[in-house]
Amino acid sequence: MSDVSPDLGFARLDLSRPRRTGMAETVYCPGKTAGQLIAILRAFAAAGQSVLGTRCTPDQAEAARAAGLDVAYEAVARVLTLGAPAPATLGRVAVLTGGTADLPVAEEAARSAAFLGAEVTRCYDVGVAGLHRLLARVDEVRAADVLIVVAGMEGALGSVVAGLVEAPVVAVPTSVGYGAAFGGLAPLLSMLNACAEGLAVVNIDNGFGAAVMACRMLRLAQRKASHE
Amino acid sequence: MSDVSPDLGFARLDLSRPRRTGMAETVYCPGKTAGQLIAILRAFAAAGQSVLGTRCTPDQAEAARAAGLDVAYEAVARVLTLGAPAPATLGRVAVLTGGTADLPVAEEAARSAAFLGAEVTRCYDVGVAGLHRLLARVDEVRAADVLIVVAGMEGALGSVVAGLVEAPVVAVPTSVGYGAAFGGLAPLLSMLNACAEGLAVVNIDNGFGAAVMACRMLRLAQRKASHE
Amino acid sequence: MSDVSPDLGFARLDLSRPRRTGMAETVYCPGKTAGQLIAILRAFAAAGQSVLGTRCTPDQAEAARAAGLDVAYEAVARVLTLGAPAPATLGRVAVLTGGTADLPVAEEAARSAAFLGAEVTRCYDVGVAGLHRLLARVDEVRAADVLIVVAGMEGALGSVVAGLVEAPVVAVPTSVGYGAAFGGLAPLLSMLNACAEGLAVVNIDNGFGAAVMACRMLRLAQRKASHE
Amino acid sequence: MSDVSPDLGFARLDLSRPRRTGMAETVYCPGKTAGQLIAILRAFAAAGQSVLGTRCTPDQAEAARAAGLDVAYEAVARVLTLGAPAPATLGRVAVLTGGTADLPVAEEAARSAAFLGAEVTRCYDVGVAGLHRLLARVDEVRAADVLIVVAGMEGALGSVVAGLVEAPVVAVPTSVGYGAAFGGLAPLLSMLNACAEGLAVVNIDNGFGAAVMACRMLRLAQRKASHE
Amino acid sequence: MSDVSPDLGFARLDLSRPRRTGMAETVYCPGKTAGQLIAILRAFAAAGQSVLGTRCTPDQAEAARAAGLDVAYEAVARVLTLGAPAPATLGRVAVLTGGTADLPVAEEAARSAAFLGAEVTRCYDVGVAGLHRLLARVDEVRAADVLIVVAGMEGALGSVVAGLVEAPVVAVPTSVGYGAAFGGLAPLLSMLNACAEGLAVVNIDNGFGAAVMACRMLRLAQRKASHE
Amino acid sequence: MSDVSPDLGFARLDLSRPRRTGMAETVYCPGKTAGQLIAILRAFAAAGQSVLGTRCTPDQAEAARAAGLDVAYEAVARVLTLGAPAPATLGRVAVLTGGTADLPVAEEAARSAAFLGAEVTRCYDVGVAGLHRLLARVDEVRAADVLIVVAGMEGALGSVVAGLVEAPVVAVPTSVGYGAAFGGLAPLLSMLNACAEGLAVVNIDNGFGAAVMACRMLRLAQRKASHE
Amino acid sequence: MSDVSPDLGFARLDLSRPRRTGMAETVYCPGKTAGQLIAILRAFAAAGQSVLGTRCTPDQAEAARAAGLDVAYEAVARVLTLGAPAPATLGRVAVLTGGTADLPVAEEAARSAAFLGAEVTRCYDVGVAGLHRLLARVDEVRAADVLIVVAGMEGALGSVVAGLVEAPVVAVPTSVGYGAAFGGLAPLLSMLNACAEGLAVVNIDNGFGAAVMACRMLRLAQRKASHE
Amino acid sequence: MSDVSPDLGFARLDLSRPRRTGMAETVYCPGKTAGQLIAILRAFAAAGQSVLGTRCTPDQAEAARAAGLDVAYEAVARVLTLGAPAPATLGRVAVLTGGTADLPVAEEAARSAAFLGAEVTRCYDVGVAGLHRLLARVDEVRAADVLIVVAGMEGALGSVVAGLVEAPVVAVPTSVGYGAAFGGLAPLLSMLNACAEGLAVVNIDNGFGAAVMACRMLRLAQRKASHE
């Protein structure tokens, strides 16, 4: 495994990444042909590495299976995985959503975090228009090491949660909504301007990015714990 | 008083407005010279009508006083009044703010509503980053007939309040904030996309407009009660 | 019915809402599978509650019917209802539109308001480019307790109507138009900047939200009348 | 005067313009030093041509006078003129405004049109929030050959006027307003999306541009009349 | 024909328009069902009036024909006409385009202008990247009474043409282009900021609106000529 | 200290915050009068709590000193502190900047993090246009527990750093730049779209928010370490 | 070949272009019917000129072949060519991409540059999130005469490359990405604000435009070399 | 001179830049204190290197002189230079402007290009509204090796010039204008969408960046010529 960046012509794989960053490599599936995706997955399989594919279509997943690759696929999360997930030893991530329409993004976050080694608590449909739903689960929320808050429309859940906990909060605006939501711009701006502290924001609909950010925090904690 | 729209050259006054809409006329002061403002106020004084001036500068107020007009002026609210307010018989408006920086807009709303005949409850600095502050005053909030929610930054207070009450909520985004608040765009979009129902929005920083909207609702209630 | 927020896994229903806010619960249908929608409707049916579904597709409505649910469906308004509407005792809402293309949003508002207990007057296609059409119906417009003004393109109807009546006006910008309408941004900004007072704005195309806002006002009037 | 484009180093004057386009040359004053402006005015004076300066500051006007140039200056319109206006034979332009704050732009339009040879009717402060003010002057408005409608905030006056007349309407959005007016964006979009026909739009605050457009129309009429 | 605004339920026709504005009524076809469109056309046919339908799809046109209406349809311009055009006596409009992709909008302008009574000169594909193409036709361009300049991408043709002629120019930005054209925003802003004078702008892709504006100018000329 | 939220009229202080969130309270100074700021600081002093003021002007700091408060003030960072900082036991935060103009924001982050208990490494002026500057300090960068990347203009430093380390990265776009930087929009979008993983973003110029986010991560690590 | 601008009715061809600008004519294919495209290609074939078609669909290419035209077509680049490319004597252009999804734009650039006479080096998938990939190829990159950097998402590659070389860099933002990429706006702003010097930007996805810009530079070098 | 990146604490100078990129180092002056600027200039003076300061205020220049530094300063261009310019051997750059208000940006470009070794031709005030001004100087324009086109408002000059020459064109949008120019957004979009080929764009008002881009092209030509 001397050459850790095999060049497939259309892509240069980064097989040294797990060693370098401690996390499995991932593949962003949109825009890749079935053939390209299969070639990439085979390279990882050949290297004995697990890999996570995001925004994967059912057709892409089916093509990978038809090519004899032993992949798992979650349709709502649009997540494809090859190989075993990391052992669930990093800590606990809670994923919250404002409404049910945020589910695909939340599940992308939840399944990515689980694949990278986190335990995951799901608190779905606890939007701020009915505060009692969130308050009823506040102990569960406070028990998590890191919070991922997924919300579209006005995106107010991020501020409210960050004000209730002392753990770091990763906010994910979603493109859920219509009209003046402008494809997720409204919750994005809302979360960036949160009056609560201890919250940072990833790209609209980027559940996967939130999961990686959360897991980097948990790995930091793990490293520091092991040094004490 | 046969001619109800005297033409001052630079402006046509609408002296029939109280009769037509049931509410006192108002003057938007920015861009008016002291001379123009004084001429307008004198016309109302001559007609024996009360009038409310918004966004009035201390200099404009001082000039009006120096011209012998018996005006009152509130510096934080930037509100000038001439003549007596309407009797406080319309009902109760609660004005809430997310933070202290929203005060000028909130006071414009509160003083305008009072001038137009409402009783006003102030619940300031009850932003969602510290929910306990709002929850501690929820009874007071629920006791109001109409809510005016004034908030900048992420503007989440509107949604949360609308979910806690059954009264109509008028939301006022403010230009408080910096960076991605973009002059009030963030709370404006947030409030327009509120997942809670029973909330409508006025222009950024438009405390006065919220007060008029609230008072129209109270007058509607008054009319309907008198018809029963 | 001790547990008023049954958790269906993907959603937490708010069966205490009618008791808490005085209005029936509603379901925002987009993004829900037929199975999810049916499960939600069944839960309301089991609780003996009426429910209103907005932005419902014909396919969703058909699936609900096929599942044996006794729903009614209005295709233009994209509104699904289960159970009886509230008795029409709240008062009168007039729904106005600028043009015929605003019809789906206007009908969503009209049918929602009716379901929630309002009597509804429709004044369609009375846009400001032909003022005589609006002026011909001004008595009807002034007879309403609350006005809902639905307009796309330049959205000027809101200002004009708010200047003609003393009742509160809820303005609904629509995404009708092309080019520099930018998906409803033009009428949204226009309505937010209305020089007329007594007008507040809901999200683009949000006919349902306007109806709830109007009905909250009417319920306020009802409450106040009953206290006198 | 063989060389009609004298090069002053920092600018190339277009002295052939009156001959080529039938209208006097104009100078956009912002960003020009007093020295540059004086040099330009002297070149026109030397060529015996009238010239109109727009957006001229009082200091610039004063400097021109101090340099011995026989200029006239209107402070509200920020218009400087040198030499006689064209005879008022082109036809009649009516300039309408929504509110008094639109006055500087309206006066720029009115004085420019007058300088270029139009008769001007002013109908100020006839915004759509009080339709009776506009309707009271509808005969005057209909008597004009061309309409210039100047409005900020929601800019609805353009549509309403275009629906009332059969003459062409030039709409000028202004930067009057605050919050979601976004420096004139709101009335600009509103006017571009006017549901009325027979209206075209110039840049925000561009009263001068509207005047030139109106006068080109009147000159077209004059040319065609002289050919019949 | 005593009732000039028959109410079809979904629309109120304005049969008095030709008498009031001197121009035929028009129908904006998008969003109308075939049934609605046919009902509208039949009402005009019954009143003996010509009518112009814009943005008409081939299916809508086919349905009108199948319903026995004697309509004409131009597929590129997406224009449907019923009844005879006005006699071509108003004057000459030249329609210019920057590129061939602007053709549908240009043809909408050209055919609308012709239907309303103008003679039309077409100067297509004369964009500023190859100035010789425009300069070769400058005499033809200068011979027109009114210019309609249709351009997408950077929209520079408007400024260049307005600098070459003394006639009024109506500029139509188009949504032709990609990337930073942002659906026509680029040419729209470009045309609004044209450094040339004597140009006004209509909505993106609004060829019809440009035609009406041009014809209003020509009718103005006609009226003034008949008064001399 | 039974009442932990004293109400100063204009603000409700949250003295229970250190106990609740483990971090000192902070005051956002803009828009507060000297009197208000002094009253707030005195309340904290009376409660024996440290407090951090952000965006504090020299005049505000001077007024606090003149009122006898024992405050420290850093002019570049615009940070005021009252009371002792937390002991530096949380871990190490590295603050990086693209250029020298990002210094005020970076110093706000650095001093806030230090006040909250972090050790701070400063790597300033290591922008991507001269990669050698960053690569020369890569060991120092990799030695930090959390990275705060402060950059204006194109904001590319965030992506590059996140690709070089395995620690979590908090990115702070700044309003440094001109033209198409649009007040920080360019680096904000750039950072949100970072192709590197493990990065989340706070508001434009929000150095303080980045510090709180970083310290929440370090406190998480501390908590987890103490549980092992 | 006396008439160098044949008018096909819908388009005016510019057959003098090669003589005038030294580069082959090109056809932007979108919006052209197969018939129009074939007519254009035939005119070039008749004139014995090579021509390059961009954004050509497979159907358009197939139609051209079916019409007997001897065209070549590259599906990824969406580039159609007729006739021989220019000899590869201009110099060397390196095309770099951030990721594999940028391939279609990069290939449009690469194939266009090759057709116009450049030698092309491809360095794909060398985005800044894994700097080692770019640094591994830095000699190849520095060996090129002109760099074309194609990147979506945060578009940081432009700055980094411009800082590593002394050759001019043409940056092409792509619409690759989602959420806050806003169709390429993020990398566009990023590249325009590049802190590195020696970089200029073309439209989003405009690989062809970058190739022409690069080749103009190479032709400049060739001209100057031939003059020495 | 072994350490080529001296660290001044607030900045790391890049003294190896001339060797690495062949061009003098430059300093972006805004946001730097007089003390910082003087320290930077002294470091360059000590290293015997010339340096160019952009956006330098008169006060900064005066402070540098008062500190004994032998600097030259051009107030219109806001350019400060220390040390001798490069010999004028690179080739000829023509700088064109649309209007006189673009002068500061154009002079920044012209003086920067001259300092870096180019000969400069100035063609100012040749905007497209008066094409004859540009056409009169077309030979001069065509004689240049590289064109820098500086234009605000609608920015059309870029397209027109790129269509007239075969040399590469660097377009600089300026913030000159008002209203819908939106701080230079209008000419920026216009230039990015130029229908002419052979043009690339730098940031709004970035005259200096255009000069560097132009000089990189000329240096490329010089390198290639020396290799032949």
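Order of writing sets the chain letters: A, B, C, D, E, F, G and H. Residues in each chain are counted from 1.
As a convention for this text, a residue touches a chain if its C-beta (ideal position, glycine included) is under 8 Å from a C-beta of that chain, and two chains touch if they have at least 3 such contacts.
A quick note: this is a predicted structure, and the numbers were derived from the prediction, not measured.
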item: Over-half contact-pair match to A-B, picked out of the listed pairs A-C, D-E or F-G; value: F-G
item: Maximum centroid distance from chain C, chain identifier (CA atoms); value: H
item: Chain B and chain D, separation of their C-alpha mean positions in angstrom; value: 36
item: Whole-Å gap between the CA centroids of chain B and chain E; value: 45
item: Per-residue overlap in chain B, given as positions that touch at least 2 other chains; value: 99, 130, 179-182, 185, 188, 192-193, 197, 203-204
item: Listing of all chain pairs that touch each other, if any do; value: A-B, A-C, A-F, A-G, B-C, B-D, B-F, C-D, C-E, D-E, D-H, E-G, E-H, F-G, F-H, G-H
item: Of all residues in chain B, those that touch chain D in their complex; value: 5, 10-12, 14, 28, 30-32, 36, 173, 175, 183-185, 188, 203-206
item: Residues of chain A that touch chain C when the two form their complex; value: 99-101, 103, 124-126, 130, 132-133, 136, 176, 178-182
item: Parts of chain G lying in touch with chain F, wherever the complex brings them together; value: 98-99, 127-131, 153-156, 158-160, 162-164, 177, 179-182, 185-187, 189-197
item: Contact set on chain F toward chain A in their complex; value: 20-23, 26, 91, 145-146, 165-168, 170, 188, 192-193, 197-204, 208-210, 212-213, 216-225, 228
